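Each of the next two complexes has chain A plus one more chain, namely chain B in the first and chain C in the second.
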Partner chain A sequence: MIETLIQLLISGAVLGSIYGLIGVGFSVVHTATGAINFAQGEFAVLGAFLAISLTGADLPHFFAVIISPIVLTLFVVLLFRIFLTRVADDALYLVVATIALSLMLKTLLLYFWGREPIGLSSPFQGKTLNIAGLMLGYDQLLIIAGALIAYIFLLFFFSKHPAGKAMKAVVEEKEIAMASGLNPALYQGVAFAFGSLLGAFAGCLVAPVSMLSYNSGGLLGLKGFASAIFAGLDRPERAVFGGIILGVIESLVVLFVPSGFKDVVALIVLLIVLTLKPEGFLSGGRKRLA
Partner chain B sequence: MNKKHRFILTISILILVLLLSLTSCAKKETNKTEERKPEVYKIGVILSLTGAGSPLGIPERNALEMLADEINGKGGIDGIKLELIIEDDQTDPAKASQAARKLIEKDKVIALIGSSVSPCSLAIKEIVARYGIPWMCPSAANAITEGDIKWVFRTAPKDAVAVEALLNYISKNTKYKRLAILHDSNAFGQSGADEIKKRSVDFNVEIVSIEKYETNAPDLSSQLTKIKQSNPDAIIVWGTNPGPAIAAKNMKQLGLNIQYFGSHGIANKKFIELAGDAAEGVIFPAGKILVADQLDDGDPVKEYMLEFASKYEKRFKEKPVTFTAHTYDALNILVESIKKAKSIEPEKLREAIESTKDYIGLDGTIDYSKEDHDGIGIDDLVIVKIENGKWIKLQ
Partner chain C sequence: MLGLFKKYKNLKIVLFFSLLLVFAGLFLNNEYYFATASIFVINSLLITSLMMVIGYAGQISLAHGAIYGIGAYTSAILTTKLGAPFLLALLASALAGFLVSLIVGAPSLKLRGHYLAMATLGVGEIIVILFQELDFLTGGVNGFVGIKPAEIFGYSFVNLTEYYALVSVIAVSILAFLAIFVDSKIGRALRAIKSSEIAASSLGLNPSFYKLMVFGLSGAVAGSCGSLYAHLDRFISPSTFSVSFSVMMVAMVIVGGESSFAGSLAAALIFSLLNEYVRQFQELSQFLFGLGLFLVAIYMKGGIGNIGKIFPAKLERVKRSEAS
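On to the complex of A and B.
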């Protein structure tokens, strides 16, 4: 029983790390623009598919996993410059624009990668660690490690680095920020770059253990969004833990309810958080300005 | 969080939920093999050409186009050509229902073929019952031929038949007494799991746990961990790609080294491709066409299947799968029945289909009767094992 419980915890934490990484993208964009980026799930799928194509072109796995998020980030920054800069100042317009972006990306995915699910071959050939009967795949370990590295990096960026602080200032007190010489468009662009980088990274990490298809972005996006809301949209780095907690809850509920309800958990969590504590359960520890 | 932010957040959630309910934005494929003439036999086809059902829908469409071209190339049915009007339901029952209504009302088709997956076929069933036109169904859920079966004729083996074939094989091996079931929560998975549970007593096996998953779930390790706890001798995974492939990979990763039995829903190359090494040793029931070259020489369907396979491979550069057989037989039976009925009046055409006897097709030998609109029996299935990435016939 204990063994099962721990194994479920591990499974949940692994999948939750993916949700968390995608969730950070939601929070970062929200921090800089006040909007929700609906294309976040598609960024993850696009990142994974790019990496799959790169390994298909005989590039080594790790190289592909690093190149793909970078390429996607450049692509998204370009998209932002061309299409989104003009609407980025009004959060509501930006939300609508990202819905359009999500649909366009989905069509692009369908066009270039086809309609069938594809997976990335595992660099470890599915090798697993057996720690006293508990099974942990190398791929799974890599996912958790990736999420933790992202967390530490983001923690440093938002609390220590001036650019991180400036990003928050832009949305919280825009006029004052502009008067202090900050350029909102720049930080909004940076936020989208972050979102796509982390989304693509998450996609590359999950692709070896799962299979994605052109329309997988919706579910991943929803889980990521729930993670971000759970953690509180104003603390981007904490979305990683929001995701892990969500993943663990999802995984553990199968012990108590039929496993078919597993995917409803994210929606229920969303509802509970928004009714009881709309600023998020992991929020706080710092006075909010807005 | 100020008021405006909260407003945007609320709107965002609403939109997200809405977007999720729209499964995809794929373009609709309408395909006409012949240009419209006043004197053609119009057949309505609804298949899942995009979305999760597409690994089934695409080969099913290929088979139909190949057969229609062949018949029209020979001058059609007594000089009248066939026209297929193909609609993509995007693996969405609501779209399948719309397509059926459009084909019947607007295109005035004489019969329907479709759809690829059971939820879509069940949606079509309601429409067909309302309008009353003959319908050939290539999908598997038991419920399709339960209740009002007047207008529906099935060419695929229904779940009950596939389950019987699999349990029959399992029960011959005394190693497998305690079974776990992992199934998709859609109609195909649910119907299969219910049937296994129901028949387990007859075959003297015990079902020790039943878990399910959402069709698009990216990971099944929590379900499998729970199954592992129940300590089964073997697992039956009932679903279509990619779920069963993810399950195979997760099992390997969790060190769950028990025999994997699959459904006829994984009788395609995609499963082997997706699951990779983890597909090795998987055993499942399938139509004979999957292993046509390994059939006994005395089998009446062998030669017919091999001939079809070579034609299909020549045109589409890939091996036919069981799903190709379902629609190929469906159209063939329709054509034979049109010839026999000498009429396209729904009731007469229906009676002609119902009187089909000993039709040798790609699915096996199909017989229909007033009470039985399922053409395929347990004799038409074989048990197949995956070895070195290839299908090997076991019985």
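On to the complex of A and C.
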């Protein structure tokens, strides 16, 4: 019994790390633009599918997993440079544009990769680590490691690195930031690119563990957003923990309710946070509501 | 009579719409086309009801498809499982849509913008999961099969031509009601609240009450649309009411123009024609609407329904600058 419980906790933490990575993307974009990228979930699926196609073209796994997020990020940079800069200051229209983007991406995913769920076959398939009777797949370990690396990097980036501080400044005090020579559009673009990089990376990490289909992006995005909002959108790095908490809750709930209702849990958590404490439970900063 | 059209200017659009439906009814000669035309009518009403929330209350809802579904399932269960008469089921669907929409709208009292969008998206997703999982009631992912045809006082609307007429009559009456509603005292209060909540509340208007009223009204209309849809195909499944459909509807409202009756109806027409044209790959029309939404958001805030307003405004400016 206790072993099943721990196994559930681990698989919850693994899933949660994915939500966390996607959630970090939401917070980073929100930090710099004040908007939410509704296409974040689709970016994750697109990243995974690109990697699947690359390995299908006989490229080595690691190469595919690195190339795919980079290609996607370049695409997002172009997209931002050509179109989104025009609305980057108007959070509402930026949101509408990303909703439109998610609609188009979903269609493209369906068109190019079909209706059936597909998975990424990684070289670690079936390889597991056995710690005192507990099974932990290498692929799952990679996911947790990826989330922790992202956490440490972001912690450093936003608290120490000048670019991270500037990113927060351009949305909080735009005029002052501009007066001191910062270019808001640049930081907003970087935030967008970085958010989608993380999303695509999360997609590549999750694809070996669970199959994705063209419309998986919606729920992945919602759960990522739930993690981000749970942690507080003003604290990007903490979204990782928001995600892990969410993932653990989700996998423990399976003990009590039919598994079909599993997805409802994250959504209810999202609604509770939004109604009770929209600034987030892990947020230490001052209250800031949109 | 003419005064009525002057006071409620959207009635003209509804009149034009009903003439269009009559002409379509005269020219179509195939059961299949009547099914498509009925879907167009239902979509028009559905989009207009969402337009009320977006354009007149200034809120956003990504759960509208789910509320449409609530109406459809309510009607299907009442008529087919419990043997209730169609008109009663239609009213019950409207009531169910009204109540669920109040729940969807409740966060709007506290949240705005994209926070609200996410909250409504969450509620919408939960409702769709319930459609899938409560299979003893809804038939689960396989859908609800064998819904009874609509029946009024013993007359059964099995023939799609007749059902088209029934749908049109109901839809036009509801549209006319909405057209009067938006230019009534309540509609004016809504516009005041949309332009400034603080100013409106200082005049004694209660923004929360009005916002919830629009959510409720819009939900009741969406619920009735669901009922009409359920008895058209006589088969419903959860995927029809998914969040992507809700997103599509928001896209249509914004492409059509946030507070434009004509724009919403035009968007519904374009959508239905597109869907008809690209039937092998339905999602193409989703792509095109996504593209349209993208371009409208970036280049043409206001939507196609407001093109007429954009150009005169520019002309006005040119005239003024010439005069000065």
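Note that the second predicted complex is superposed on the first by the 284 of 290 C-alpha atoms of A that agree within 3 Å, B and C clash if a C-alpha of one lies under 4 Å from a C-alpha of the other, contacts with A are read in each partner's own complex, and residues count from 1 in each chain.
Basically, contacts are C-beta pairs under 8 Å (C-beta built on N, C-alpha and C of every residue); 3 or more make two chains touch, one makes a residue touch a chain.
Note that the structure is a prediction, hence the values are computed from the model and not measured.
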{"item": "Room on chain A for both chain B and chain C (clash or fit)", "value": "clash"}
{"item": "First, second, both or neither for A:Arg86, with chain B first and chain C second", "value": "second"}
{"item": "Chain B versus chain C as contact partner of A:Ala191, first or second or both or neither", "value": "neither"}
{"item": "Which superposed partner A:Asp263 touches (first chain B, second chain C, both, neither)", "value": "both"}
{"item": "Chain B versus chain C as contact partner of A:Leu108, first or second or both or neither", "value": "second"}
{"item": "Of chain C and chain B, partner touching more chain A residues", "value": "B"}
{"item": "Partner chain in contact with A:Leu220 - chain B first, chain C second, else both or neither", "value": "first"}
{"item": "Chain B versus chain C as contact partner of A:Leu120, first or second or both or neither", "value": "neither"}
{"item": "Contacts of A:Thr275 with chain B and chain C, given as first, second, both or neither", "value": "second"}
{"item": "First (chain B), second (chain C), both or neither touched by A:Ala100", "value": "second"}
{"item": "First, second, both or neither for A:Asn130, with chain B first and chain C second", "value": "first"}
{"item": "Segment of chain B intruding into chain C (one of 5-13, 149-157 or 275-283)", "value": "5-13"}
{"item": "Common interface residues of chain A - those touching chain B in one complex and chain C in the other", "value": "35-36, 38, 91-92, 95, 99, 102-103, 106-107, 110, 215, 218-219, 222, 225, 229, 258, 260, 263, 267, 270, 274, 278, 290"}
{"item": "Complex contacts: residues of chain C adjacent to chain A", "value": "107, 110-115, 117-119, 121-123, 125-126, 129-130, 132-133, 242-244, 247-248, 250-251, 254, 281, 283-284, 286-287, 289-294, 297-299, 301"}
{"item": "Footprint of chain C on chain A - complex, ascending", "value": "35-36, 38, 83-84, 86-87, 91-97, 99-104, 106-108, 110-111, 215, 218-219, 222, 225-226, 229, 258, 260-261, 263-264, 267-268, 270-271, 274-275, 278, 289-290"}
{"item": "Residue ranges of chain A touching chain B (in the complex, touch as defined)", "value": "1, 4, 7-8, 11-12, 14-15, 18, 34-36, 38, 91-92, 95, 99, 102-103, 106-107, 110, 115-119, 121, 125-126, 128, 130, 135, 137, 139-140, 206, 209-216, 218-222, 225, 229, 233-234, 250-252, 254-255, 258-260, 262-263, 267, 270, 274, 278-279, 288, 290"}
{"item": "Contacting residues of chain B [partner chain A, same complex]", "value": "1-2, 4-6, 8-13, 15-17, 19-20, 23-26, 49-52, 54-55, 185, 211-214, 216-219, 221-223, 225-226, 228-229, 241-242, 245-246, 249-250, 252-255, 270, 274, 276-278"}
